[in-house]
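Next come two complexes built around chain A: one with chain B, the other with chain C.
For the complex of A and B:
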């Protein structure tokens, strides 16, 4: 009997506490205190969208508009100067894409921006057949590897041994006219895609993004971390690992590097890693704003040895950056002549993967996969 | 003394009880299952979990359960929805509940990636519902064939559900009596601040003491609620607690249908009078004239069926009592090794994440490749696999098979896998020197799981 009273009392007390804890802060109009309220995800999302995502898209879009204009100018009257100018415009666009590829959710996901822009290695046979047939269906799956920056990389740098030979492909070659048309189609498609995405961000999506400040699968933090990791793994696997033979029993595939023909692969990999790091830090031209690093610090996230997880991640970013900066262009040549430097970079990138993919979301309780969890 | 116990026992199992409780349970369970199935379909999970993956993680001993293909899986889900409707209205009930149990359990057995305690719970309740005459009151079956109709059933037909629920809650409570849950307030210390965007209480739940309060309330609730529901005196406040508790956790965490399933199914604890009132309400709703003065007719299965059911129930509950303790047979930290973890009502106890890199080596050339997991697994599968040793082993065997098909004899499969448990930080999970291709799945301890170190 006594026990019953005890239980009843316990239930009463727990109900009371639960109700209290649910209603306590309800009426308070106190200004939000960041220490009391924990990490302010809205501030982070605002910083990331305003200072990182939109400026990155804007810069890349501007570069692609220039690229498209350079293609038009070149196509009107192809000559060596215009080819050089076009090649330069292309390199700029490819460089800026490295900081724009990370955000493949929302508008970018709808436009399939990442695969439409940068699927490589490019399929030269498919490109050649598209040019000679004069038909090109952008929705066709096979054309994913015959379009975007990698296809232009081939068309502008790979169709001849030097610029004189390349120029002939657009002047005297039997397919010259068709080749010019194809080139223009590709640059226009790049421009259309990024413009659609940027317009959506400048429209209502930015607000949607900032307001989805939860931590479940569809939340902005969830999407951001998920895509950060996904994009980072592309860097690790496709820009470095696969060409270096890591996934093919040691057989190297130098031609599978990003930007194989323009020979700026190593440079792009460095820029890409830098972009991932900036997103993690919340760092932009406006300075070091609120980012995932601050979130981890606020959550007092620890690494296995008890040290700060943020410190460990930053240190590994530094180590990986050193190794990636040791890569030299043309990367395809370095892979053949000095594979160990490339695999060394891969090893350090690999270590960072675990930190970003597991330690980071697990310390914050952020969900990145679909499906329900066990309930209680 | 013994005599008294025997009497109590007999009372519990044989005392004729009004069948209304069972009819309401049938309707409640059918309804929530219908909603659950439709929700699952609308979320696109049929495709994502059962059509898209090229490889499935089957349960040990159930390798014969295969994903039935696009048409097959949709047939299964259509059957699930249909049988749920039939269960609600009580039409061809025996067939419907059997079909539901078989289809549901089959779907769950296809891939352990999606394993959740509440799916297991659904299977268990459906199984028990197969054994009882829940259609012999307030059902289309009795309307079509009035001779089926009864007013009373022997006590066991209702009490087995109460017993099952008490066990579920109680074991869930016991599993929370751990250092991590009570003293470290983990994983709630990680999970609650992640909910800080919730209106009203968002600011509060980032505070440490709240994680402690929630942990202790959760433990006490699970441990005691079953008993409070059993007692006439405490039932009403206890049920109110059930609603509050499950709605709150459902609001905080992404736990799907579970809170609602529990809120619906625990109504079985209420008295026959309450259930008669509920049925009376339904009757009014559908303009059915209530019968006046129903004469008592007690359901009495034949002796053979009775003894068969007794045997099944004794086996079932013995298993229910033992399964949650089987982890004691394994060395090491349970949440780390997960040996004996499933089917034990251990819920919400871990924030666990992992990354696993697999390598395949050709013993003939000594050359080695790393696997890109996304080539074979969905993101969901990869994430679940990385933290569960039996899935790591299954995947390693799958990879060995794939590479044998590619012409490599006896490929050596190793993994570099890193796991973090309740904020421990990642550490090496599986002995990276062990060739998993030659390791066999057994009920025994997996020696290649490295021990868990909590360094600070």
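For the complex of A and C:
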């Protein structure tokens, strides 16, 4: 009798506990509803895709179409005028790329757009070898350092000490014909890649993007924040930090800057930072729409000192922008002659990294899923 | 009496709460009453032999690391493998009377000397690594990071590491868990303070390579202890394994056979799945160094090593033919890797282990 009573009690207790211990997954307090605290993520995703991503891709794609046409014109009858026009078309494309590099998910990830477009420093040996052998397989990852805008940067600005010398590489040089072919291959590849990505966005992907309005790992907010941070770290590390020697105990690597040969590195870094800020703010030619700033405000996100996280981030964007705008071209020269200005910019960029990579995602329940690429 | 009854209820509640999420939870007439601790601090636990063998592996790794700066002393590495001629820096290993080799699966025993020879040959070329040239290469992202690669881009130091995680560690853990399930290990006779089953379980835990208060404390976690953390964002192996090791060990001392077997099964299955997750983690790392030929090849070698190491698992669900099919997705020369190939490797592993939803974040 007593024994039976004990078992009944035991079962009752264990059932209660069973229910308790298995119910965790149901009562999640993560903001998985599209509207949380009055913030509509769908509106933000619509603004960002319609007014920022697609226009950025469209502008860059147009510039690359022009670039490819300029290559064709130049290759047909290379002369100084066409070289200058080609160089101008190249710079425009590189400038517009700064606003198009942040969205390496979905179609861009499929096309591996970022690394196919902008892997630097470029590998001159690999380029030379590809030109002389006449064989080039764009699918080989080993060719990432011999293609894209950085390879064209070298081919158009780095193959001679001035434009007269460069022109000879495409006219009288023994490899001139092969060099022209390689140049055309690269600009066509750039065009194909961005056209594929833009077509996908103009097709079904925009809807996919807007509808994935949760905050979990595969959601658009998750992808967007991860790529914003990833791309921002490229700016901080590869455009500024590593060339200035911050990862090599002061040993500088001036030739590792973005756009080393065309000498527009500082200008591009400013444009890039502006693009990251615009994405954060949801700001475009259509005005200041719904962005991550509004999301943080609605979520009442606080910085560690209790102030508004959005205010802190905006202030740090302003500070970093001032320092990055103090960089001058050629950045490779400034790194050598006035390193402290460059490292000062890096320092402010680094402060912004912590805000974007730690405070922002944790306030919004988003997980940063890429690792620190520091080798092992 | 009432006090005693309350105590009993509380105790059983703790035991039950720990076991309440497993599907095969039955209200057996003889449910033993015991507490599952939150750390592996069982008074009679002893896994020193496993810790020693992991330490031996680390010493072999140290010998292999020389490959990026000079010539590997292959005789020393092989002697460490068999514990011959007092080869270890840690004197206690030399006199331990135990070795790595005889605890590994047969294929691993013959693979390791081969891997050491391949790495040694690379270290002897004195050349800079490039496609078709064996030698030492430098990461383009970090000049301080160097790897010894074969002419095909394979880093045999990493292949050895991953092979050891499969051929020694997983093999030992899985074998133990299979024996636990078969009921062939004695849990009655106490020798040196514990039963054979308790000791075998402890050794398996020791091979995992984590501190006893893992995952709260991750200090010193190595081999699978390190990788279970690295994949934790997509596959929560840390908690799965720790809970199973704790619950199973408590169940062993309490002679709770059903729980012992259910936990052994969890551990057995998790070790294989974890290997798949680790291979995917390496795919992700390959992508993070995608334009760095040298680092990318080394990371691809890690991925290759993990996939290959599945062969060593005596209770694997994947077949040898399926493993060979995945290995065939790797390019013959790692310098020739394409993104499509890499994604094909990722998708094949992910499909095999049901990681499609998390394949890019592991």
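Note that in this section the second predicted complex is superposed on the first by the 331 of 376 C-alpha atoms of A that agree within 3 Å, B and C clash if a C-alpha of one lies under 4 Å from a C-alpha of the other, contacts with A are read in each partner's own complex, and residues count from 1 in each chain.
Just so we're on the same page, a contact is a pair of C-beta atoms (placed from the backbone, for glycine too) under 8 Å apart; a residue touches a chain by one contact, two chains touch by 3 or more.
Given the structure is predicted, the values throughout are model-derived calculations rather than measurements.
Visitor: Taking the superposition as given, does A:369 touch the first partner, chain B, the second, chain C, both, or neither?
Guide: So A:369 meets both chain B and chain C here.
Visitor: Looking at the overlay, what does A:353 touch: chain B (first), chain C (second), both, or neither?
Guide: first
Visitor: After superposition on the shared chain, which partner residues are touched by A:162: those of chain B (first), chain C (second), both, or neither?
Guide: Neither: A:162 stays clear of chain B and chain C.
Visitor: For A:248, decide between first (touching chain B), second (touching chain C), both and neither.
Guide: both
Visitor: Quick check for you: in the superposed arrangement, does A:217 touch first (chain B), second (chain C), both or neither?
Guide: both
Visitor: Quick check for you: in the superposed arrangement, does A:141 touch first (chain B), second (chain C), both or neither?
Guide: Touch status of A:141: second partner only.
Visitor: Report the partner of chain A that touches more of its residues: chain B or chain C.
Guide: B
Visitor: Once the structures are superposed on A, label A:112 by its partner contacts, choosing first (chain B), second (chain C), both or neither.
Guide: In the superposition, A:112 touches chain C alone.
Visitor: Can you list the residues of chain A that touch chain B in one structure and chain C in the other?
Guide: 10-11, 14, 17-18, 21-22, 217, 247-248, 367, 369-371, 373-375
Visitor: Flag every residue of chain A that touches chain C in the complex, lowest number first.
Guide: 6, 9-11, 13-14, 17-18, 20-22, 112, 115, 119, 121, 139-142, 144-145, 217-218, 247-248, 367, 369-371, 373-375
Visitor: Within their complex, state which residues of chain A touch chain B.
Guide: The contact residues of chain A facing chain B are 4, 7-8, 10-11, 14-15, 17-19, 21-26, 32, 36-39, 41-42, 213-217, 237, 241, 246-250, 299, 301-306, 309, 350, 353-355, 357-359, 361-376.
Visitor: Mind pulling up the chain B residues that touch chain A in the complex?
Guide: Residues of chain B touching chain A: 43, 45, 48-49, 113-114, 116-118, 172, 187, 190-191, 193-197, 200-207, 210, 213, 217-218, 220-222, 224, 227-228, 231, 233-234, 237-238, 240-241, 244-246, 248-250, 253-259, 262, 347-348, 351-355, 357, 362, 365, 367-372, 379-380, 383-384, 386, 418-420, 423-427, 453, 455-456.
Visitor: Under the touch definition given earlier, write down the residues of chain C that touch chain A in their complex.
Guide: Checking each residue of chain C against chain A gives 5, 8-9, 12-13, 16-17, 20-21, 25, 27, 31, 131, 139-145, 233, 284-285, 288-291, 293, 295-296, 335-340, 342, 357-358, 360-361.
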